[in-house]
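Listed after this line are the structures, all set down as C-alpha cells.
The two complexes that follow have subunit A in common; it is paired with subunit B in the first and with subunit C in the second.
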Partner chain A sequence: MSGGAKLNVRVAEVVPVNELITRFRFVASDGADLPAFSGGAHTVVEMDDNGTRRLNPYSLMSSPTDRSGYEISVRRDDVGRGGSLFMHQHVTPGMEMTLSYPVNLFALDNRAKKHLMIAGGIGITPFLAQIAQLTHYGGKFELHYSARSKGLGAYMDRLTAAHPGKVHCYFDDQSQQIDLGRLLSMQPIGTHLYVCGPKGMIKWVLTTAEAMGWPRQTLHHEEFTAPGTGKAFTVELAASGKTITVGTTQSLLEAMEAAGVDAPYLCRGGACGQCETTVHKCDGTILHRDHWLTPEEHAAGSKIMPCVSRFEGKTLVIDR
Partner chain B sequence: MKINLTPVDAPSIRSRPVYSALEPRNGTLHLIIADGEGAEAVIQVLAKAHDRSQMLSTAHVIYAPGPNGTDLGAELQGLGAAQFYRAPSIPALLPRLQRVLSDARMGTQFYLAGTEGLIGQAETAIMSYGFPFVAIQKEHRGSTVRRVQCVHCKGITENVATDPFKCSHCGLNLFVRDHYSRRIAAFQGVNIDAEDPGQVPESVVRFK
Partner chain C sequence: MSLDFKPGAFNDFFRNETFREDFTYRNSPAAIQRFPFPFDRDDYMYSVNMEPHVPGRKGSVFEHLLDVDEHYVSEMIDRARVLAEDPLRCQSLPHMTLAGWDTLELVMEAKARDYPQWFSLKKTGDRWHWINRPLGIEQSFTFLDEATLPCGPFEYIMRQTQGDWTLQDERDNTLWMDAGIATSQADWSADFDIGMNFHEWHAPVPLAHEKGIFDRALKFLLKLQHGAPVRRFNWTMTVNPLLDTSPENYPKWGPTKTSLTQGNLGGKQHLRVELQTLYRLPRSNAIAFDIRCYLGKFEELVTMPKWGRRLHRVVRDIHPDLAAYKGFLRNREAMVEWLSHYDDGLPTTPGWWPED
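Up next is the complex of A and B:
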C-alpha cells in the first residue's frame, strides 16, 4: 500500500481559532502514544467526502515532546477543491479518521547556531512545533511572522507571551512588512533560515538571501501545493495497461488511485519526490506544478509528479 | 602560473578532502584565508571577479607563509584589500581567524587556499560556528605535506613528508592514511609494525 503505514485516530478536539482557521487534535484510537515526530513534520489526513477520497497534507503544530496527540490547523479555502471545507464542515469530535505516519521535509538543521524563521499566515504551523522542540531541547531562534490582520494572526498571542523578544509580528492591513534586507544582513554566521508561507513570500525570501550570499544549504522552505484544477485529460498507464481520464477537479494521482492503481506517494503536495514518474510518450504539454523536479527536468518533460501536475494535449503515456 | 590542484575526481577514500578552483561569489564580506602558494589562487579568484574593486573593498585577507617557506605576503598586501593581515605561521593565524569569525555575519563568503593543513584548520574553525562546510570554497596549492594525527596517542604531527614516519609524540612508526578527520583537520596515522615490531618498511618521501 502506497503512502506508508497508516494511523487510526479519533478526533479529540475541534477548536475554531479565528474566522478562517480551525484547530484539530487527534489521539490514537487505541489510546496508545502516537509515533514520535520532529518539528516541521506533516501528516496526510485521509477524508471520505461523500465517496470522494481526499488526502491533504497538514503540518503538525503540537509539541514533538507530546505523543498523546497530534494537532493541526486548517485554513478554510472556499475556492479550493474541498479538503479544507470538509475538515471545517464535517469533522467533529469523536470521529474516527486515518492519518499517515509523520514525514518531515522541513526539519531543523541542528548544526545551526541560530534558527531564523519567517512565517506568512497559516505557514506558522510547522514553526509552532519547531519552537516547542527548540524550547525543550535548547536552541536559539527568532521568528518573524506576518499575517493579513491581527484577527487572522493565529497563535500570535501565545507566541509573543511565551517568547518575548524573539517573536516579531507584522500586519498587512497596517502596511507593515519585514525589513528583509536588514534582517538578513544582521545574522551571525551559522544561522539557518526557514520560510513557510505563500508562494510569493517564499520566493522573495529565498532570492533575497541567495543574492546576499547565504549558502543554499542554510535555506529551508516548505510549500504544499494543492493539486489545482484544470481541463480533463486522458493518460495511458503503461505498466498497468490502463487508460484513465483525469477529471477537472481530480489530480492524476487521485485518478490512478480511483482506477485501482497503487501509485507511490507521500506528501501529495509536490514537495517530497516520492511520486516521481517517468514519461514514456508526450504529445502535448505537461503542466508542471511541483517544486521537486529541476527547471531542466521540467523543460525536458521526461518526468511528471502526478500528485500536482497535469497535462494538456493529445497523448500522455507514463510508466505506472 | 603553475596550477597544482589535488585531483577532484575519484578520491582514494570517501573522507579524503577534494578541492577545486576558487570562484567569486556574491557576498557582503569576502573572508580569504591563505598560506604559501595559496596566494596565487587568491590573485586568480580576484582576477575572475565581475567587479574586482568591489570584491577587494569588501575583502579581508589573512595570510601566512607556507611550510616550504614560500612567502607571497607582499604580493597579497599590494592587492589593496579592505583588510590584510600577515601572520608568521598557521598557529599564529588561527586566533585572528577566531576573532573575525566571532563578528562575522551571514552573507560572508569563505575562500581557503594553500596547504591542506591551513585549509583544514580554517575549515574546522569556520564549521565550529555552525556554517555548512560544503559552502566553504577550498583550493589546494603548494606543498602536499600533511597534518597527521597518531590514532594511538592522539598527538598531531605537522608537515609530515615521509611515509611511514615516527610520531613526534609517542615515537610509534605510523603509516599515513588518506582517511581524514574534518573535525580535527588531520589525516590518520596508524602503527605499521604493531604485529611485527621492528618490521618497518623503508620510509619514502610521499609529500613535498
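Up next is the complex of A and C:
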C-alpha cells in the first residue's frame, strides 16, 4: 500500500496552546511503544472528514526518546483546505486515528560542531524534537525563534526555562528582528544552519547565508507546501485507464486516491519526491508547486508532483 | 572484548566447523534445502531487484527478519579471529554511535522475538539485560550509555550477528558509509570504503553505471522508510568456504583460484550468495545495510536438479565483464564443464525455490 507503514493510534490529549495552535498527543492503540524517531521527522495524519480523506504532514515535536506517545502542534488555517480545521474542530481525546511511520526530511547533521536553528511561528515544532534529541545525546545548539507576538510564541516559556542562554526570542509586534548578518558572522567553523518557518523567512535565511559564503552542505531547511486550491481540471491516467476530475479544493493525488488508484506518496507536501509521475502529454500549463523537481524539470514539463501541483489547459495525460 | 565461549555452544543444531585452514564447513541436507539460491531464471544481468523484506516461507532464510542458521556459532568464532588479526575491519566514525545503538536494538529485538530459545532481551526503562545462549554471553547495560558495554554498540552487536553490516549516514542527498564491519566480504574493504559516498564506493562496478542503476538505486534508498525494510540478492564465486575473502588478504586466497580440477571442483567451488537487506534506522535516520553471506558447494547445490540445470546456464551465458568483476573468468570454462553433467536441457520453472 502506498505511503509506507502505518501506525494505529488513539488521541490521548488535545491541548489548546494559544489562540491559533492546538497540541495533540497520540498513543499506540494497542498500548505498545511507538517506533523511535529522529528529531526533525514528520508524520502524515490521516483524517476522515465526513467522507473526504485528508492526509496532512505534521512535524513530531515530542522527545524522540519518548516512545510512549507522539505529539504534534497544528496551527489553524481558516482559509486552507480544511485539514487543520478538522484537527481543531473534530479531533477529540479517545478518537482512533492512523499515522504514517515517522519520515525525516529535516535531519540533524550529527557531525556538526554546533547546530544553529532559526524558527518562525509554527516552524518551531521540528526544533522541539531536535533540541530534545541534542539534550539527551549531546550536541551544542542555539535557537533563534521569532513569532508575531508573545501570545503566539508557542513553547517559548518552556524553551527559555529549560535552556537558558541558548534560546533567543523575537516578536514582530515589538518590531524585533533577528540580526541575521551579525548572527551568521559569529558562528564557529563547522556550524550547521537549520531554518523552518514561513516561505519568505526560509528564502531570506538561505540567501543571506549563501551570500556570506556558507557551504551549501551546511544549510538545511524544511518547508511543506499545502496543496492549495485552484480551478478544477481533468487528467487522463494512462496506466489505470481512467479519466478523473480534480476538484477546486482537492489535490491531484487525492483525486487519484478517490478514484481508487493506489499512487505512491510520503510527505504530501511537495518535498520528498515519492509521488513523482511522468507526464505523457500536456496541452496546457502545469502549475508546479513542489520543492522536489529542479527548475529545469519544471520548465521541461515532463514530470509532475501530484501531491501539490495542478494543471490548467486542455489535456494532461500522466503515467499512473 | 574476546569471545569466551562456554562449553556447550555447539549442539545438535549449531555446527562446529572452520572457514579456514582445514575448511570443514559444509551444509547439512536441511541447510541445502533452504539455501538462498539467487537465480529466478536461467540468465543473469543486473537489475534494481529490490523487494520488501517481509517474513517469507516457513523454514526459508526469509522466515525471520534476521536468519540465524546452523553456521552461527562457527561464523562468530571466525569473525572474532579476523578482528583479532585486524581490528580495522570494524570501524564507526564518531557521529555514527547513535546509529550503532539503533542497530543493536534492531538485532536484539529481532533475535529475542524470533529465537526465544537462544536469545533474551529484558528492558527495565533504559536498563537492558541481554542473553545470547549459543555464544554464552550475558550482559546488563544502559541503552545509549556506551560506558556500560565492553566496546562500542556497533562492534558489540556485530560480534554476535552474522553478515557484514555497513551504516550509511544520509547527507547532501546521498549516503555516506560512515560505519561498517567486513569479515565475510566478497573482496571489498570497509577500511578502504569508510567515509565514501554511494557513488564513490560503487565506482568499480562495471556496466551498472551505464544503465543508470546506481542513480535509481540511490533515489530509491533515500526514500527508504523505518518499518519498511527491503532486500535483494547479490552473488559471486569463491574457491573454498572462506568467509574472509578480503582485499587485505588477497595474496593468501587469490592463488587458490588456480587449484581447481574437474576432480575437486564440486567440493571446492562455492556459490557465494549475499542476502542484502536495508533498514532505515529510527533515532539516527541512518540506513543499515546487512550483507549476509551464504556459501554453497557446487556438489551441494546440484542435489537440487532445478538448480543444477540453472546454475550451468547462468555461468555459461553470463556477460564476460561480469564474470571478470566477480573474479571467476579464469575458471568459468571449468565450471561450465563440471556443471554441464547436471544439465539435461530440460526447461526450468520460474522462481528460485528448488522444488517448484
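Everything below uses one rule, namely that the second predicted complex is superposed on the first by the 320 of 320 C-alpha atoms of A that agree within 3 Å, B and C clash if a C-alpha of one lies under 4 Å from a C-alpha of the other, contacts with A are read in each partner's own complex, and residues count from 1 in each chain.
Methods note: contacts are C-beta pairs under 8 Å (C-beta built on N, C-alpha and C of every residue); 3 or more make two chains touch, one makes a residue touch a chain.
The structure presented is a predicted model; accordingly, all values stated were derived computationally and were not measured.
Participant: Let me test your reading of the model: by the given contact rule, A:212 touches which partner, first (subunit B), second (subunit C), both or neither?
Facilitator: In the superposition, A:212 touches subunit B alone.
Participant: In the overlay, answer first, second, both or neither for which of subunit B and subunit C A:32 touches.
Facilitator: Neither partner.
Participant: Touching A:273, do we find subunit B (first), subunit C (second), both, or neither?
Facilitator: A:273 contacts subunit C only, not subunit B.
Participant: In the overlaid three-chain picture, which partner chain does A:103 touch, first (subunit B) or second (subunit C), both, or neither?
Facilitator: So A:103 only meets subunit C here.
Participant: Look at A:111 in the shared chain and tell me whether it touches subunit B only, subunit C only, both, or neither; answer first, second, both or neither.
Facilitator: A:111 contacts both subunit B and subunit C.
Participant: Which holds for A:189: it touches subunit B only (first), subunit C only (second), both, or neither?
Facilitator: A:189 contacts subunit B only, not subunit C.
Participant: Is there a shared patch on subunit A that both subunit B and subunit C touch, and which residues make it up?
Facilitator: 111, 217
Participant: Tell me, which parts of subunit B touch subunit A in their complex?
Facilitator: 25-28, 101, 104-109, 126, 129-132, 134-135
Participant: Please output the residues of subunit A touching subunit C within their complex, sorted ascending.
Facilitator: Result: residues 4-5, 35-38, 40-41, 64, 101-104, 107, 109-111, 133, 136-137, 217, 266, 272-274 of subunit A touch subunit C.
Participant: Would you mind writing out the residues of subunit A in touch with subunit B in their complex?
Facilitator: Residues of subunit A touching subunit B: 111-114, 184-192, 210-218.
Participant: Okay, in this complex, where on subunit C does subunit A touch?
Facilitator: 95-96, 98, 102, 105, 144, 169-172, 219, 222-223, 225-228, 282-285
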